[in-house]
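First subunit A sits with subunit B, and in the next complex the same chain sits with subunit C.
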Partner chain A sequence: MSSQEIPEEILPVEQGTAHGAVTVADDPFADPGLPAHKPRVQDIDERAARRSERAVAFLFTLSMLATVAFIASYVVFPVDQIVYIWPFGHVSALNFSLGMTLGLALFFIGAGAVHWARTLMSDVETAAERHPIEAEPEVKAQVLADFAAGAAESGLGRRKLIRNTMFGALALVPLSGVVLLRDLGPLPEKKLRTTMWSRGKQLINMNTMEPLRPEDIVVGSLTFAMPEGLEEDAHDFQTQMGKAALMIVRIEPDDIKNKREREWAHEGIVAFSKICTHVGCPISLYEQQTHHVLCPCHQSTFDLSDGARVIFGPAGHPLPQLRIGVNDEGNLEALGDFEEPVGAAFWERG
Partner chain B sequence: MKKLSARRRHPLAAVVVLLLALAATGGLYAVFAPAGKAQADETAQSLAIDEGKKLYSVGCASCHGTGGQGTTDGPSLAGVGSAAVDFQVGTGRMPAQQPGAQVPKKKVVYTQAEIDQLAAYVASLGAGPITPTEKQVSPDGADIARGGDLFRTNCAQCHNFTGEGGALTHGKYAPSLEDVSPKHIYEAMQTGPQSMPSFPDTTMPEQQKRDIIAYVKAVNGEDSASPGGLALGGLGPVSEGLFGWIFGLGALIAVAVWVAAHTAKAKKS
Partner chain C sequence: MSTATDTKRKAPAGERVADWADGRLGIYGLAKANMRKIFPDHWSFMLGEIALYSFIIIILTGVYLTLFFHPSMNEVVYHGSYEPLQGIRMSEAYASTLHISFDVRGGLLVRQIHHWGALIFLAAMFVHMMRVFFTGAFRKPREVNWLFGFLLFVLGMFTGFTGYSLPDDLLSGTGVRFMQGAVLSVPVVGTYLSMFLFGGEFPGVDFVARFYSVHILLLPGIMLGLVVAHLILVFYHKHTQFAGPGKTNKNVVGMPLLPVYMAKAGGFFFLVFGVIAIVSAIASINPIWALGPYRVDQVSTGAQPDWYMGFSEGLIRVMPGWEINLWGHTLVLGVFIPLMVFPLVLVVIAVYPFLESWVTRDKREHHILDRPRNVPTRTAFGVAWITWYFVLLVGGGNDVWATHFHLSINAITWFVRIAFFVAPVIAFIVTKRICLGLQRRDRDKVLHGRESGIIKRLPHGEFVEIHEPLSPGQLHTLTAHEQYQPAEIGPAVDENGVRRKVSPVEKLRVKLSKGYYGEDGQIAKPTAEEYKEITSGHGHH
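Entry: the complex of A and B
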């Protein structure tokens, strides 16, 4: 309504009052240019400017005080003092005061600088015109001439021996980088397919570090085991456990739906790899009523009563089962290594 | 045999047969009756069992069956032991309010004396884990560091590294261990309530359970310290990331808006 009432010829004139605007009377989308500069209170009122100055100085002073407080709290608070601060709870007095004072010291410097810039520094808008990126023709000619002169002076075209050896040196240098790529190897060979388990290795309870006996394991319980002969302080303990970790549960033999699982169990005691076959997270969220095991990383779910079949989630393979039996001393022992590679799938797994 | 057979019509024959039959039944009963039953004749114990049976008939029998044999609505209670009763009823989980993925912790409806009577009755149905004593569950003098080790091996996968709890499948979850009494933690490990597997003394000795209790108390007790400041529920990177994105980034955006905003202009020069 209102825009129709305004006579068309005065619109561009009114919009184009600022400098730099191009006004074309017939162009309805004319560049309106920058709005007219309006001064701030501080620009016209010296008392307001002084107030701003004091405010900025106050913020900087607060920062100084915070820094002093930082040094003071470093000296005052012992490292183990715990205090209650609402709403943070029981926190270390030293950590809290150091973080708080350093944070405030930095914040007040920033706040002071921003307030200074916003209220006292010039806020007159200026337009900076862009220039063409291309160089002037004379400059270009000069650069090319300089290059040709330099090439001639160096004698690169004349002294072929120097030129060729230089090329050779430059070509060989990158080889040192290429040679270092050897450190990406060697290939894992059988390491991805084998674990520390082998025939006759006893199952060691990870709580007591004693060999497990079948009568120790009741239906509904969950136990973790590692292979006999692996020391907790061995240099490759984590590497070996990353593949050999076992979870052991007992299921009533009649409840085991998978024939192979029942045969590889010992009186219903089944030993499965604890490493998820999706991307290798440790997986032992065992629900004893359903015999389901959930992986906390991507929610892959395995049914331990049915050969650890994948019943949900992104895992592509069932959890490998370790074949177990009982040795002469009545302890549980492995009857071989896992039949399938444990853990995450890999390119050559097949 | 012939002599015996000849007197089968004697007037006292029936009495003799009856006496023999009674002796046989009594003798058989004495042989096969559970040994515990005979000792349970200590008056206090049998009184508790009787009282417990009454409470059981009112509060539990509709789901677990009149003799604890279990129905389609509730599992059999034979062999669950007094520790399971003390945990389930003592944390208010039982009696259950409604069927569902998981029976939650709620207000306790029985007194400790009634819980003990119920436990005595259920324990009389079959041998199982026994309610632990004060001394068995006390975290005093336990090895907290070893407890942390054991907690991360056995418990952390479901209950989180500091016992904050976590999600399981189909609406089930591992509850938070905050403010759970040492006795109930011990009983849960011993009996394996609901989805939780059990950790019997054969694979996790009593001392190790005490170490675990001490660790949980140290990291998730009433006055366990969080030296780093706001723990954000102790849930790990998810809650911390969310806090960073919303409050950290939010504050940065607010500051950026303030820095670039127009300053107040004088009305007219």
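Entry: the complex of A and C
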């Protein structure tokens, strides 16, 4: 469909031409033009103007005083002094005084300038003409001709070989930059599928840093654990914890609805990944009566008595469970790694 | 000494400096065009100024903070002056933020000005953008500047996010973890993106340093360029103005840059800076010392991002946890859909100007601003978009709403899920009706005058209210807006009697145009004839 077939748009009469420049004598809506300037009191009364002058000077003087006060505060108040200031409560004396004095010093400059502009500078409104942004047709023709001449002189259109190889070179050269980004990080490989847990690793209580024993865990309590051998000062502590963090609760075996969960538990003690399967926040809220745990970030809620099934919120799958038992010393230990990746889901998770 | 130089007037020092500069920079030519440039005055024009000034304030305070901040994730044990965290393991980034807050005199103030400035910067950009939207200031020739502004808003969001992630405190680390989980959801390449972003598994030891260079160099560098371009275009296009006596599409009415606008705008910079400094003196923001250092296995309740990221938080919270597992792969729709809707929400408002100009086919320049009521469909669209945005903000704070107002979080989530689709529609309809009502009122005002509030009793006992006719200036202002005619499909056959093909796109355009400018889209403004007929009759009523 060619553009000729489209019916011409009926555009409204342009503003400013309808009533303004070509005023129809009997158009009641015609633009009466700029209203006459109404003088302010400062324009006619020199005493009022003097008052404004003094007000502006006063504001600027206050600013100077505030800056002096700022420097004084910096010197006088110790950095750790806490004072009570109504209604803000206990605040740092230095922060409060520096902020107030700096703020006032700045504010008074602004207030002075604005008051000066409003009362003493001319407030006569004038009109300046606008000019169309679009170039005149002659200018446009000249530019197009110049471009055509330049393009012809370059021979770019005629010498296809140069053109094609140049585009090829320009297209390829950024690849070097992309390649350089390769070492930003390692490939994922199986990193997200494995954690530090393995058969025989004891569960270490995050509070006591001692191995957990079944009798430590009572019904209604939520215990956090990490794998034996992970030290808090290890360089990869955070990264390992991001996958291995565990939460442990004890549920009456008869209350466990999920058969596999009961089998993977030790006398009703179940260990689940602490890392939410939504986007990876650590889960930390536990409701004792219902055995529900809640992720405080996005409120995904899991039922720990039913295979950590998602019962509310945006998480897409249950929390992985770690199979646990008791070793010869009577401590809780893992009977293997998680059987599925912990934390947020990803494409290769399957 | 030659007499020639003596007879020559010795120029004052200022002029000689200016001469020197002019000889090298050509400043007189520049000043001639701009020194007395006219700027129109309206309170809403200062919203962009707040954005500009807070941007400058953020740069100034940000440079100061770089002098003390250590963008490193090396673990240290804290032995500083903040007692409650003594002996705690933390990253150097967090420790240096504590140092700025407790040991550098004024450091806390600068940190708070920086953070408050960022919140105000984003808020000012948002409101400024809405001002431009609702008054139609985005129309030709300003579409490109609209996009520049939009980009500034989006980049500002990410600069804010990378900035508040730097202290490596418990709250910000949680936000970064959320971002990493969202990145993982990207089909096929999610795990690769995450590994490359964090230099390995989360959190690794790299992201603070990487975010730092993005936060202080890459993004602000681009933004500074965009701000300059934005301002150059404001100067080049000259400012828009509202309709009024003496104001036309071909002029700009106001006061000159030197001295009035310079004093007001320059003074306003100090006002904005002063207010932000005072706010930073009395209102604590992001007290990272109270949150503790980031630990991947710890979290606090009520975790909220800064406000401008709240709508993305809402998307992720209310989305059902859909996951599709097929052929050994997982499509994490529950996270990936919010991740895709997040830019979409923003793009919808960014492309609107192009939709409107496509519907109107208006290729003329527009320098007179619309009153929002006179363009009901646009205004309704804008309000619907804001409603959409704020519904998501509610979703982002669903836990805060639940605890503060004792509501069920389940109910709030379902409310947001439904309102996400329904609320914009309701907002659109309601806004459009309000606009049409206001247009009718304007029409009545023009034709019948202003309600004076004076009741008059006529000799035969009837009570009437006296209406005062409007001044010529008011009459002009209320009737100066343009009214488009709805587009027509045109005749079904051309001049040769052959059936004309009308593309579906053109049909859609005509339909939209009818919605915009048809009978239900606007109230015809009074004509001079109507006005004369009423005013020439006996007795106002």
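One rule holds in what follows: the second predicted complex is superposed on the first by the 273 of 350 C-alpha atoms of A that agree within 3 Å, B and C clash if a C-alpha of one lies under 4 Å from a C-alpha of the other, contacts with A are read in each partner's own complex, and residues count from 1 in each chain.
Rule of thumb we're sticking to: contacts are C-beta pairs under 8 Å (C-beta built on N, C-alpha and C of every residue); 3 or more make two chains touch, one makes a residue touch a chain.
Computed from a predicted structure; not experimentally measured.
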item: Partner chain in contact with A:Asp123 - subunit B first, subunit C second, else both or neither; value: both
item: Partner chain(s) touched by A:Leu230 [first = subunit B, second = subunit C, both, neither]; value: neither
item: Touching partner for A:Ala49 - first (subunit B), second (subunit C), both, neither; value: neither
item: Which of subunit B and subunit C A:Pro282 touches, first, second, both or neither; value: both
item: Partner chain(s) touched by A:Ala345 [first = subunit B, second = subunit C, both, neither]; value: second
item: Partner, of subunit C and subunit B, that touches more residues belonging to subunit A; value: C
item: Subunit B versus subunit C as contact partner of A:Thr239, first or second or both or neither; value: second
item: Subunit B versus subunit C as contact partner of A:His317, first or second or both or neither; value: second
item: First, second, both or neither for A:Phe88, with subunit B first and subunit C second; value: both
item: Touched partner set for A:Leu62, first subunit B, second subunit C, both or neither; value: neither
item: Subunit B and subunit C contact sites that coincide on subunit A, given as residue numbers; value: 88, 91-92, 95-96, 99, 114, 118, 123, 206, 224, 282, 284-285, 296, 299, 312
item: Footprint of subunit A on subunit B - complex, ascending; value: 150, 153-154, 157-158, 166, 168-169, 172, 174, 192, 194-200, 202-205, 208, 223-231, 258-259, 263-266, 269
item: Subunit C-touching residues of subunit A, taken from the complex the two chains share; value: 1, 5-7, 9-17, 19-21, 26-35, 74, 79-80, 88, 91-92, 94-100, 102-114, 116-118, 121-130, 132-133, 181, 184-188, 191-192, 206, 224, 226, 232-233, 235, 238-239, 241-243, 245, 274, 278-282, 284-285, 295-300, 310, 312-317, 343-350
item: Residues on subunit A engaged by subunit B in the complex (per definition of touch); value: 38-41, 43-45, 82, 87-92, 95-96, 99, 114, 118-119, 123, 205-208, 212-213, 215-218, 220-224, 249, 282-290, 292, 294, 296, 299, 301, 312
